[in-house]
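Note that subunit A is present in both complexes that follow, paired respectively with subunit B and with subunit C.
The block that comes next holds the complex of A and B.
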């Protein structure tokens, strides 16, 4: 098929550039109107919404119309997987921008807040496209540095500052470990670009024996584990998500986690292909252990929480464990899957991508509901949410959709993405891993329904005093709920795209 | 010419000193310095391996690493500053308003 217009290769970066340009436009607006309270918040939100939706539309257009593009001598690739994740990141960014509109209305430096969100989104889109460890490291830092500042954004709030500090401390440590791992991989293979690393490993051209490469891969896993909030680098997550402004918690736990996973998918399938490195370091075993520990710890810790935001933070760790199963069950062979006429590996990665997509909507939506509750000053504990449906029936209904979809009940697409993921893991012969995941899902239903019960059944000790209904957060919550439900009938179409994207990578 | 394994030994030593500093010291500024040590250990590796492999990839990446380390310190110092304003200390073990 002839393209409609002949675009230069660099046009493939357009979705990522949409984020970058938006960040710069916001900085420009801020410097034209430096008095922070005179700059209209509506203008900022509008620019942010246009920018993030432009990224979604552009990546969707490239996904359907254009082929894969390699840029910068192969260090940056725009392919189906990177475009899928850019669309995901753009959607989450749009929700976060809309949800932040009322949340940050009373604070200073609002233009900077939005710019930082867009700089982090730029980094996430770059992570999705990075095809070299150097590009990946720079992109990961571009995600992390604005995120630290955003978590500590409420600078007179001790919780926010503490959260920012802890996020920064763990993040700085893990990025040091990540870059040291990269240096060891470079030492063993003499290359930083993913396909060249694979060639060097495959051709047995390793310097310094397999030990250096193995240690390097292990340290790279450490860097990925931090971004995805997986054990053992999960310590920052409950603190950072609880203390951060709630829209930022949603942003980090959905988009930032997705960026970490796309990096993991690309690094481990392209740079360290299983058949070449299995003699040195069998990374599926590492991901198997990480997956089991992460989902179990996340879900059990979530079940014991008294605060809603912290429960969601731990549940976010648990969901990282589910997606890690996609890498744990990876086989590197072209074995057929149980569900469709594709290889089981592409089904697994596609299901992981779908779960991250659905998770992007339902989890961001859930955190935005918490943002709504924080805006009203409802309180942080489960009991404080008692009987909230009387004041906010629509938002409560949306929250119920999010929570049940997170648990894997078929009211939202969370059910289908989990189902396909589990079928992929069974197809790889790891049925006992699915049993562990099912036990965890059952446990998660307990703590999610605790909140649903509080919202709809319990009666509040003192009636909630709610006098204003913030339009921005409401619109974002409702939009997220609608998409979560619509992905249920629309799942097949999007999943085909995701599985094809995963297949193109393998 | 000094053989590459000596550079590797040096970088492993620097990395371990940094890690030890992170684990035992409570001052946030010392923590930042320790992270810098760990990042620079990676730079030593990159430059040494670059020489051994005879390509410039590693040296260029070491420059990237330094720039990013500087950016990280800038953000880190900002966070330590607001930490001091809120808690009147830069001891990283003091802020414990949230507990699991």
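The block that comes next holds the complex of A and C.
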């Protein structure tokens, strides 16, 4: 562990434990003071902010100072990749906590709400560190179960409850597929830990022929695809994102998706090395198909939506398609990239991580803007947002930054992360995949601009009646916008870290 | 004294400050920003003089300065060159800095009389424009690489646009400004391509030093360095192409045939601006650029030949048009085109010193003539038609005598400044023509013939304006002008008379006295810079095959006598025809030639035709293609996308059973596909 203070190895779990402890503290506060209106919301939000920022600071500190650690006989690793994602999850959690402050002010069970958010965040941090299929499954479930409850949090809202139920049903099916896949892999290789699976595959110590392993891997992809909301496991996403409280939509579409991707990056690069399994099952081809279908379906569907939140939900599916390109273009050979001194695989994974990081801010910010609009009761359709800049110029400007950055225009770091990702894919020779992604990006510019146009250019049919400006959501939206813009000049520094983390994994 | 080099950026930054002051605080200042401009350009002048003095008095490497100030793109392995801003001071740029800041300073002073005293409005904008103009030109002059030069070259173009169109409420000036902008921009496209080509070829745009692109080109020709050439051309041919591309910008800015058409129209701007544009900034920028990268042009005899021919032709061509103009400033405009033609002729003809010499003397006497014309225009209540003047000699003696000095210099009459420089231009072209490049004799002949026309139109202008009887009431009783008009005129008048003394080559050849000061000064560049005169002479001889014929003292005198005689002949004819109490128009005697000249050889007409008759139909066709086919495809794609999007929406039925079924179905399809291809079964 850290050479300066000689911490024990288990201290490596500190970022994850920060989430867990925060969740328990919130439970404790709730049980001391069960009457929801007597316990100050400010205290809850404060505890939540401290917990999530502590996770960010701890993981950032370990990332810079400490070396990798293995715990629980190698089932749990703390390395650069996991710390990077823990920091990402912590940042998104902080934004969500801050943005929820005003959003849930009028509801009951606020401590439970925060507590569930932190339990899910604990699960995400564990997913980032899981190094065995069993640990991964438990962690994924730890993410999923609180998420179902959070989506259905608005108990008296039909949409919210329905979305929660659908999410749960599709989730149960996906979990079943995932765990079945795990059992098949275990059956074929006799191992659950990622590196041991790789050793077994390499040593040809397979039981039951290639079919068992191939089917297992494909089903593991199913589990990952569910978490990342990739087609065809995406069906829950539009409804869950639309029905859930808007901060939770941001949380699920950013942090939960990132957790799914870190699992995919780790499982497929460590447990199923491409050179060993490509004869049985060329998973890059599977990801290539998923990537194309996901981005195309997500963007095309987003283009025809009438409701803003649903448009963002589909755009979130589209973005999962972009990041899937990183795995689709993976080569496993260590070939040079278009940048000097970096292998193309590290560049690809690093770019995927960067895109998820930037996406964590711009997408959460966009959903929080929707939360703001819901708070004001503006309405759900594009037309309802007409001329909102008159009442909320700062928030509208921030939203414009998010939308253009999501589309990949250089007002925010979304431009650079997409650019580097495309560069990596071209470096792998898949230029036609980049062409498809570019067409999709162009289409996405269309539907993002629709909202920008509504905000700034159109005039509202009836004037908006806005009487209060919630400080918490505003602070979160502005913070997200500032980070989205600052990552543009600061991109190089963070990207180096991400590429190094990817390189360390490979 | 070399510490002064650290202050070089201030030479340009001072006018930039005056630009900002005039723009934002101008309307609160007593003279609307004029005083800030005068102070700033005065400061630039003092600094430039100190720099020039340092260059002149130092030895060895101290005679120059070549430093990078700011790198805005660091080179890397994939893009192996840096883009930077830098300062290059050598004798050429030091001299030009003095010229530019001097003229700019005097123009600012003169503007007090021409603009403030005449009660013009919008003066802060005017002085802001002058400040930015001076800043751009000064920074262009000390630019250390071709990209920086290009950037400021473009800024100079922008400033000329802003100032020519200063009176934007009238019909003429905005149109003239647009024309100047567009025509020069046409040339600048070639320049831009040239800049890119230079970076692509050499990986550097530096002007001076052993890593500069002229030197790399020289080494490449000797096989000591390899460069990238394109289009399958050999090195020599490719360098010629690059040189000609850059020359496109030069032809536009320096108003050479066929891109000279913007310049006469640019007379719509305020007269002090015309003085600045013609003498020291915009038009001078083109010729200066060729001089700046002369080490590159000297490698290509073809490019030199093109330059010489364009120059000689323009000199003659513009001079003939100047003969029939009615308006004072129009005559001066055509004389500018013609004189810059001489400089190009000199550069192409191997006379680097001659070109710089003529650039310097011309800056002085052309500024003088424009400011003199400005003085006359004030007196004549902004009537510029020479046929409405006459007899102003008695009423405005200071203007007359200084204008006369400028005219004598322009016509090239001994011993005024223009005589020495023009004589050297023609002499250099002649000896190289007689030497090993006989084609230059064609350029020489045109330049020589232009001397007659120059003498004629110059004195026609002088006689019509100042001599004879006043032909209108205003000319009877012109408005008086103040010190701020007369002061600059006197300074320039004295300079136009004596400035030839800086490089009296014929006297040197006759007496062996060591008085070719300009030549020695320009030759002082640090040897590492490779921008000295003897280096260029070497290149010309070795690379371009320019040998000089020895035509002896007799030939020298004969050449000088010939050009002086022709100038006098032209002037004499003007004297016969126009120095009479009641001059009449003689242009009718020219018959159809007059119509041709009056229409400027239909240059504008054919260029307008190119725009409206050719470009517009092509653009319309492209527009039809764009609207019909490109947009059609785009619209088609968007319809298809929205249709497909609606289809995709339909998948999301809202019924969770369907989701589970589709999910499972998709998984089965994937299993089937990979199972078959992976041999699982």
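Just so we're on the same page, the second predicted complex is superposed on the first by the 503 of 506 C-alpha atoms of A that agree within 3 Å, B and C clash if a C-alpha of one lies under 4 Å from a C-alpha of the other, contacts with A are read in each partner's own complex, and residues count from 1 in each chain.
Please note the rule applied: contacts are C-beta pairs under 8 Å (C-beta built on N, C-alpha and C of every residue); 3 or more make two chains touch, one makes a residue touch a chain.
None of the values given here were measured: they were computed from a predicted structure.
Engineer: Could you look at A:173 and tell me whether it touches subunit B, subunit C, both or neither (first, second, both, neither)?
Structural biologist: both
Engineer: Is A:210 contacted by the first partner subunit B, the second partner subunit C, both or neither?
Structural biologist: Second partner only.
Engineer: For A:137, select first, second, both or neither according to whether it touches subunit B, subunit C, the two together, or no partner.
Structural biologist: A:137: touches subunit B, not subunit C.
Engineer: Of the partners subunit B and subunit C, which touch A:236 in the superposed model: first, second, both, neither?
Structural biologist: A:236: touches subunit C, not subunit B.
Engineer: Who does A:301 touch here: subunit B (first), subunit C (second), both, or neither?
Structural biologist: So A:301 meets both subunit B and subunit C here.
Engineer: On the A-aligned overlay, A:158 touches which partner chain: subunit B = first, subunit C = second, or both, or neither?
Structural biologist: In the superposition, A:158 contacts subunit B only.
Engineer: Applying the document's definition of touch, where does A:218 land relative to subunit B and subunit C: first, second, both, or neither?
Structural biologist: Second partner only, subunit C.
Engineer: Classify the contacts of A:281 with the two partner chains as first (subunit B alone), second (subunit C alone), both, or neither.
Structural biologist: Second partner only, subunit C.
Engineer: A:443 contacts which: subunit B (first), subunit C (second), both, neither?
Structural biologist: Touch status of A:443: second partner only.
Engineer: Once the complexes are superposed, what residues of subunit A are shared between the subunit B interface and the subunit C interface?
Structural biologist: In subunit A, positions 165-166, 169, 173, 177, 238-239, 301 sit in both the subunit B and subunit C interfaces.
Engineer: Where on subunit B is subunit A touching in the complex?
Structural biologist: 4-5, 8, 11, 15, 18, 22, 28, 31-32, 35, 38-39, 41-43, 45-46, 48-50, 52-53, 55, 57-58, 60-61, 64-65, 68, 71-72, 75-76, 78-80, 82-83, 85-87, 92, 95-98, 100
Engineer: In their complex, what parts of subunit A are in touch with subunit B?
Structural biologist: 134, 137-138, 141, 145, 148-149, 152, 155-156, 158-159, 161-166, 168-169, 172-173, 175-177, 179-180, 182-184, 186-187, 190-192, 207-208, 212, 238-239, 242-243, 301, 310
Engineer: In their shared complex, at which residues does subunit A touch subunit C?
Structural biologist: Touching subunit C: residues 165-166, 169-170, 173-174, 177, 209-211, 214-215, 218-219, 222, 231-233, 235-236, 238-239, 279-282, 285-286, 289, 297, 300-305, 338, 340, 443, 446 of subunit A.
Engineer: Taking the complex as given, what residues does subunit C use to touch subunit A?
Structural biologist: Result: residues 76-78, 638, 641-642, 644-646, 648-649, 652, 654, 656, 659-660, 662-664, 666-667, 670-671, 674-675, 678-681 of subunit C touch subunit A.
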